Amino acid sequence: MKKFVNDPANFVPEFMAGVLAANPDLLEGNVEFQMVKRKDRPVADKVSIVQGSGSGHEPAHMMAVGPGMLDGACQGPVFAAPPVDACYETIKALATPAGVLVLVNNYQGDRMAWDMACEMAEAEDIKVKQFIINDDVAVKDSLYTVGRRGVAGNFFVMKACGAAAAAGKSLDEILAVAEKVNNNVRTMGVALTSCTPPAKGTPIFEIGDDEMEVGIGIHGEPGRERTKITNADAITETLFDAVAVDLPFASGDRIALMINGLGGTTPAELYLLYGKAHSLAEGKGMTVAKNYVGEYCTSLEMAGASLTMLKLDAEIEGYLNAPAEIAARVF
Amino acid sequence: MKKFVNDPANFVPEFMAGVLAANPDLLEGNVEFQMVKRKDRPVADKVSIVQGSGSGHEPAHMMAVGPGMLDGACQGPVFAAPPVDACYETIKALATPAGVLVLVNNYQGDRMAWDMACEMAEAEDIKVKQFIINDDVAVKDSLYTVGRRGVAGNFFVMKACGAAAAAGKSLDEILAVAEKVNNNVRTMGVALTSCTPPAKGTPIFEIGDDEMEVGIGIHGEPGRERTKITNADAITETLFDAVAVDLPFASGDRIALMINGLGGTTPAELYLLYGKAHSLAEGKGMTVAKNYVGEYCTSLEMAGASLTMLKLDAEIEGYLNAPAEIAARVF
Amino acid sequence: MSALDQAQIEEAIDTACDTVIRNEQYFSDLDGLAGDGDFGTSLATGFRIIKKDLPEIDKSAIGAMLLKISMLCSKHVGGSSGPIWGTGFMKAGMASKGKTEVTLPELAEMIGSAVEGIMARGGAKLGDKTLLDALIPMAETMKAMADSATPAEMLRAVTEVADNAIDETRKLVAHRGRASQVGERSANTPDPGIVGVATILNDWCKHYGVDYTPKAAELNR
Amino acid sequence: MSALDQAQIEEAIDTACDTVIRNEQYFSDLDGLAGDGDFGTSLATGFRIIKKDLPEIDKSAIGAMLLKISMLCSKHVGGSSGPIWGTGFMKAGMASKGKTEVTLPELAEMIGSAVEGIMARGGAKLGDKTLLDALIPMAETMKAMADSATPAEMLRAVTEVADNAIDETRKLVAHRGRASQVGERSANTPDPGIVGVATILNDWCKHYGVDYTPKAAELNR
């Protein structure tokens, strides 16, 4: 396993220490709960936005904490939900009379942990609501599973809710924003390689040298199909078509378009995919009002990418354009 | 080769098209010369800052074009210098009475191409100067080689010169800024894996499953030594010590500290390395005034990282804090 | 009517801890067949701490003890099992708040309440191939027997229910948890949660001298 | 005193194009021994275009033709060879500006100027194991012979100089170019640039019927 790691059991607290050291004015943390929060939150008149899930998806979730985005986040071990008490402590640390909104990616482990934590917090009269994000079109929604997974579309829900909270919106208003974004955002990903959690030491799945997994989940969950690797344009078309028909996105739509790297794919490749996706969207008569090319929701060092489209209206576009500052930054 | 690619011969122009599509208001390009420039440059009273080198180091160099950074950049094929005429056309496209400053990373191919291009531009009375960046401490400077390589420290030279140009400084003044930054910046990197240029299709070097290359160059050039992989803290100490003794950095210094990912290393690992590097710097009595954790100068999908330290004074720190906006961004 | 006091509940929990700790590797191996292979480790990590803390914790009432155990699950049991087992202990604790002993009908109510809590928490129903496929019929059996049976008779009956659940669900496809992500591949593997529940009950039979001969291969290793 | 006119220089360049194109694979293979294996391809890509454009380009003077060829090198020859060969043609072109024919002393001066330009461009000196280890002594030989020799005598003499350079530098360690990055590993491999120069000269000898028997193994394949 070719990774920078000391004791794999300390992987999460150690990189968390790095995040805190790199952002001393912005963030403070609690190592016991693998939790990071804004130093200047909670405040009484602003809703707090929190999230937490497994590690291995960085910059989600810890490195998305900051003004205009999350107010706090806790992370479990790599690819495993945080324990209930960490979720509970995160809610408590950000509790405010205006309320706490928990943005939960739709995985059973995350949902149960946050659900129980919310129950515990409510028992202490903390005002808290949950919202479930499920943007991944790869999975068929069905009564018999937890349903669609929450993947890179997560970024847009965080961004819009963070901006709405900064603007002083109420808990119910922000919940409506979350719902609107989630209803209008769709994602599908593709993996070229597997990845290796530090504590596991072996790849989470096997894949042939000439194969790709179309519709991959961010923990290596199987997707729609395992096929031979095709060229970049054909792959982009597959992702674009799956996403576009799902909402459906239509001619005349103003959209935000994201190419998200899963970890092991280079910026050059991501821009190459973006170029094709952009021209497909324009070819269908859509206007790409905002774009995002980079790593937003990763699966460790997996080579692969996902394509996300969000249908915009004036309100959401305003929230996307609002200022924000997080650990993940260039300058 | 597990990459998103169409015809490998079109890899660079295709990802360049993506960069342009993603930044329609900021950038314009010239596909023939694999060149990208700010739409609103040149202007008569501002020095233009340009750079160009091989591809495969993204976000360097094309994705570092924008207000407060580069005014233009051209890229050669993956890991190969741009042709002379592309360099010449880039200088010509950004020519202004205030002058053009070319920031050249110290590789023979880049140096010769820019040198000849500058000679051609001067023959047409274009005002142009070159500056050579060579921050890599891994290579012994010697009369018998081209000398130290230019690696991630490059970012700081671009940032400071970009800010100085935006502030309206003269060509000679900006040259002095470049020199000061280059004189005070030092880098060393380590590779855990090799990488594969799309057109080559095979890894640029072989490395054992339990080995790392300490002092790696960004084109896979051999470093100081090939050793067994040690833990993250030990690796960070090796890099830190090599960089710190070289300037040397000393107690009381105010520094900027960068952990740069070489491509295949996750944000979590980079922050883990940063946490250790930060505490080593503080342990030596230095103050980390600014920090950078992410991908700035990569080697395709190579797993690895480099550590850069820049000794600050008020002037340089001011330039680092100045606003800038480039293709590589989060929001 | 027979009743169980705090010390008896504590003894049962301590015994369950031993079962979970002893089967750490086996339970994880079972989870590895269709899930992510962490069930044994997740559970054992938490139950090792529960066993260690058990002598020290608040035992003023059965409810207080169970709520404290619920907290330890929330904190130390990873994966889905944390909230599942934590919810179970929490609801059972709330149903026995302030009580220093519980009658069998009361015990049946506690288990019923735990089962409802787990169903609400994870959204699983009977037939989804989770430990609820053992717990739901167990709770019904207890409710039906509670007024007339002895503790030993009831333990034997619920052990048989859980034992049967292993084979009855073996062929099913999982609809919840990690195992649901591999689709048809989860068929023909036993559900580790059901095996875990049945193993604890079977070990209780041994511990309390209740005569029961298990049927499922997983209980006859 | 004999002189070469524009058509004769053009013929020599066209012949050199053939040499480079025919040896594309071989020159790249040589570069692969210690360098990055692109020398043959880089050069052949450019010289294929030069050969194609040669009939069409401005031939009002030798200088104009050479400057145009320099531009084609800058544009189409990749790697270090682009600026190295481009600089050579550029300096030779500047030294023959406006001339429609050149005497042998003038030719020697053109080559001397090209060699100086390449030295300034890449910073390499004699003994750095680059094509300058052929070009520098070649330029000296030409300067010494120019006043008295025939073109054929001079060609034979410089071919011998370049041929010798192959074996004289074989054992050296490269100090410039990609090959310098592998340190000691470049010893005992021939420098592809020197072989390239010597091969062009040896092919000219054959083309012009100048009798020369090459010594280095690389010219006797």
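Miscellaneous remarks
Think of it as A, B, C and D in the order they're written, each chain with its own count starting at 1.
FYI, a contact is a pair of C-beta atoms (placed from the backbone, for glycine too) under 8 Å apart; a residue touches a chain by one contact, two chains touch by 3 or more.
Because the structure is predicted, anything quoted here is derived from the model rather than measured.
Chain centres here are Cα means. That of subunit A falls 58 Å from that of subunit D.
The geometric centre of subunit C is 84 Å away from that of subunit D, both derived from CA atoms. Separation between the centroids of subunit A and subunit B, computed from CA atoms only, is 29 Å. Counting partner chains per residue, subunit C shows two or more touched chains at no residue at all. Multi-chain contact residues of subunit A (touching two or more other chains): none found. Shown here, the protein chains touch in a chain-like sequence that does not close on itself. Remark: the chains found to touch one another pair up as A-B, A-C, B-D. The touching residues of subunit A, counted against subunit B in their complex, run 2-6, 11-12, 14-22, 55-56, 58-59, 63, 159, 192-193, 209, 229, 231-233, 235, 263-276, 278-279, 291-295, 298, 300-301, 303, 305, 320, 324, 326-331. Chain contact summary for the complex, subunit B toward subunit D: residues 76-77, 80-81, 83-85, 88, 108-109, 112-113, 115-116, 120, 144-146, 217, 221-222. Contact residues on subunit D toward subunit B in their complex (touch as defined above): 38, 71, 73-80, 82-84, 86-87, 90, 121-123, 128, 175-177, 180-183.
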